[in-house]
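Across the two complexes that follow, chain A remains constant while its partner is chain B and subsequently chain C.
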Partner chain A sequence: MMKHSVIITPEHVLVDGNPLMHNEKGSALLTELYRNHIGDYPKFFKMDTLSKLGFIASELLLNIEGDRDFEPREDRAVIFFNRSASLQADTHYQSTIQDPEHFFPSPAAFVYTLPNIVTGEIAIRNKYFGETSFMVIDDYDEQIIMKNLKNAFQDPITKSIIGGWVECSDEEHFEAKIFLMEK
Partner chain B sequence: MIVCVAHNIISPLGSTSAENYAAVKSGMSALKKYDGLWGLPEPFVASLLDRNAYKDERYTIDEQIVIASISKALENTNIDTKSSKVLFILSTTKGNVFLLDKNENGYPQDRVRLGMMAREVTKHFGNPNEPIVVSNACISGVCAQIEAMRYLESGEYNYVIVCGVDVQSAFIVSGFQSFKALSPDECKPFDAHRCGLNLGDAAATIIYTKKDKVNDNEWVACRGAIRNDANHISGPSRVGEGSFRALRIALGDLNPEKLAFINAHGTATPYNDEMESIAIERAGLAGVPVNSLKGYYGHTMGAAGVLETIISMQAVNDHNILGTRGFETLGVTHPLDVSNQNRATEKRAFIKLLSGFGGCNAALLMAKGGLK
Partner chain C sequence: MDELIYTLKQQIIEALNLEDMKPEDIDENASLFGEGLGLDSIDALELIVMMEKNYGIKLQDPAKGKEIFKSVAVMADFIAKNRTK
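== the complex of A and B ==
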């Protein structure tokens, strides 16, 4: 059963279908949302765009759920899909190793070249010991995503899922459509 | 019950599961030192396929070994891959990431997307379904098998073909070097002098179906779980939280004495192996033999969970607990039962354990003939 939803694009933010007021667009929008609705998690500024997007979307979702006690729990999963995996972080990392004369690979850039890092960021923030997973399909397909999330309830402990689509191809092009689902 | 109907491994140690198992059993490894390869300034030790053997210009090397591995797994089955009742699940961390290199121009740029790479594979086999790509860092290969089990339990498909793949490149090697995670020599899992991992190329395929009854020789994927440490994105939990919780679910009510071994992740980084020893002890499994296959293959990333499950099934078939190549003296806090020698066993079940960046961990219980 779907309980709450959040949609973020470079131009629009919808929380349970209602527009959320904002002034900025693109990457600046994510920073604006962080400052206006979160503000107490400076790790945000270290994240790649995919993680920022998923993190902000999950925060807005959990703020509507309310009652955020940050107690450790194992019964909530975080399962995302997208099209470009970690392409923005991959492209950035590649630029640090492309030129042999300017070869400066860094762990801080490399770690984000895995799309599932965003699920880990959300688990760390909320102390979720439950399932975290990331899958890639080349086009958004609600049927595939919903069937997959329904299957995830076969896990003996999972009772709710933060799930959906978290896509980012570069810093200015992204789309999150995520929801909170209960068994 | 979810049953394995066929499998294959393509690696530097062979092109069939049997060749690979025989090589590992005899202690072979393809780990070699490379100096100056791909223009990388630092040397590294890795298990690499011969790039010159993959000449089909239509497909990247990753795609070629995936297609070859799935084709070989299908050889002795009558599975119709054109059927909508067959689903393909790919497991990979970086796929065709080498295409981002500006000096690579032999393939369409969109094949860097994992979904496009997967579509090339399903197109080759004439499969009408959208392939699912699991990209969950180093635990992808077990996650993909857990996904397969769920899809089969839901009754939507008759067969799920799981293929794990990663092929090393300057991108991946330089990244692990920047983390100081690579060993300058062959890796030493669980050893007191371990100092990092080696990377490896491989593709490995397992085909699963659902059956009401199984015979004594059939392998059953019993149960698995994925759990997060909720601790750090690039370092494992100091208390092995996620691995412990995943292990606890995979074990369930099975008596640990039924386990032939735990095939650990055992990458030979100081932190990973220590974390696994803590998790295994917390799960009450310290008495169960533990092994790691990284000394034979290196860390094959997206392929690891599939490849290591296949090698472990064959080891149990052969009544063998494979030795941990590279191990000499135990170097983890909790007293695990690790050996560098092959040992005999009559037990019929094992747990495959993995962990990865993003704080993720996965465990899968496999039992020959199912759980009695």
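== the complex of A and C ==
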């Protein structure tokens, strides 16, 4: 059963289908949402755009529920899908090692060269110890996404899932369509 | 030394993406890790890269970072004595 949903594009933010007011667009929109609706997690500024997107979307989603106690739990999974994996972070990291004369691999950039880091960021923030996974598929496909999420409920532990599509091809092109689902 | 400390604070803010901070917010004698700025192990690696990039200092023994990164003032002192650029 789907309980809540959040959609973020470079120009629009919908929380449970209702538009959320904002002034900025693109990556500046994510920073605006952080400052206006979160604000207590400075690690946000160190994340790559994919992680920022997933993090902000999950925060807006969890804020709908209210009563965020941050108590450790293992009955909630975080399962995302996208098309571009962490290509933007990979490209950025490559730029730090491209020139043999200026070979300065950035550890902070390297950390984000895996798409599943975004699910890890959300799990760490909320103290979730359940399943976390990030699957890369050809394109947005609701059938594939729902099938995989339903499969995740087969285990005896998972009772709810933050799941959906978190795609980012670069700082100005991204889309999150995520939801909170219960067994 | 004051100029180096100020520049170093700017470089730390830039290298570590401490977006909400200004050089004036960093106490040069406060601890960089733990209670002070609250940096983590990835930040430590980033500082090692930053010292090599900006000052030509290659830290051969990463364990030495623990002493060097004690505070901005200690770091500036180390850079002043060991910089090659």
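Rule of thumb we're sticking to: the second predicted complex is superposed on the first by the 183 of 183 C-alpha atoms of A that agree within 3 Å, B and C clash if a C-alpha of one lies under 4 Å from a C-alpha of the other, contacts with A are read in each partner's own complex, and residues count from 1 in each chain.
One rule holds in what follows: contacts are C-beta pairs under 8 Å (C-beta built on N, C-alpha and C of every residue); 3 or more make two chains touch, one makes a residue touch a chain.
All values derive from a computational prediction rather than experimental measurement.
Taking chain A as the reference, the larger set of touched residues comes from B, when chain B and chain C are compared.
Legend: residue contacts after superposition of the two complexes on their common chain; A:Met2 is shown touching neither chain B nor chain C. Of the two partner chains, chain B and chain C are each touched by A:Ser106. By the touch criterion defined above, A:Pro115 reaches chain B but does not reach chain C.
With both structures placed on the common chain, the touch criterion links A:Asp141 to chain B but leaves chain C unconnected. Within the superposed three-chain model, A:Ala28 lies out of touch with both chain B and chain C [touch as defined at top].
Chain A residues in contact with chain B (one complex) as well as with chain C (other complex) are 105-107, 111. Remark: chain A residues 42, 45-46, 102, 104-108, 111 touch chain C in the complex. Considering their complex, residues 72, 74, 78, 83-85, 87, 90-91, 93-94, 97-98, 100, 103, 105-107, 110-111, 113-117, 119-121, 123-124, 126-139, 141, 144, 147-148, 150-152, 154-157 of chain A touch chain B.
Per the touch definition, chain B reaches chain A in the complex via residues 39, 41, 93-95, 97, 100-102, 112-116, 118-119, 130-137, 143, 147, 150-151, 153-154, 156, 170-171, 174-179, 225-234, 241-242, 245, 249, 356-360.
Interface residues of chain C facing chain A in the complex, by the touch rule stated above, are 16-20, 42-43, 45-46, 49, 52-53.
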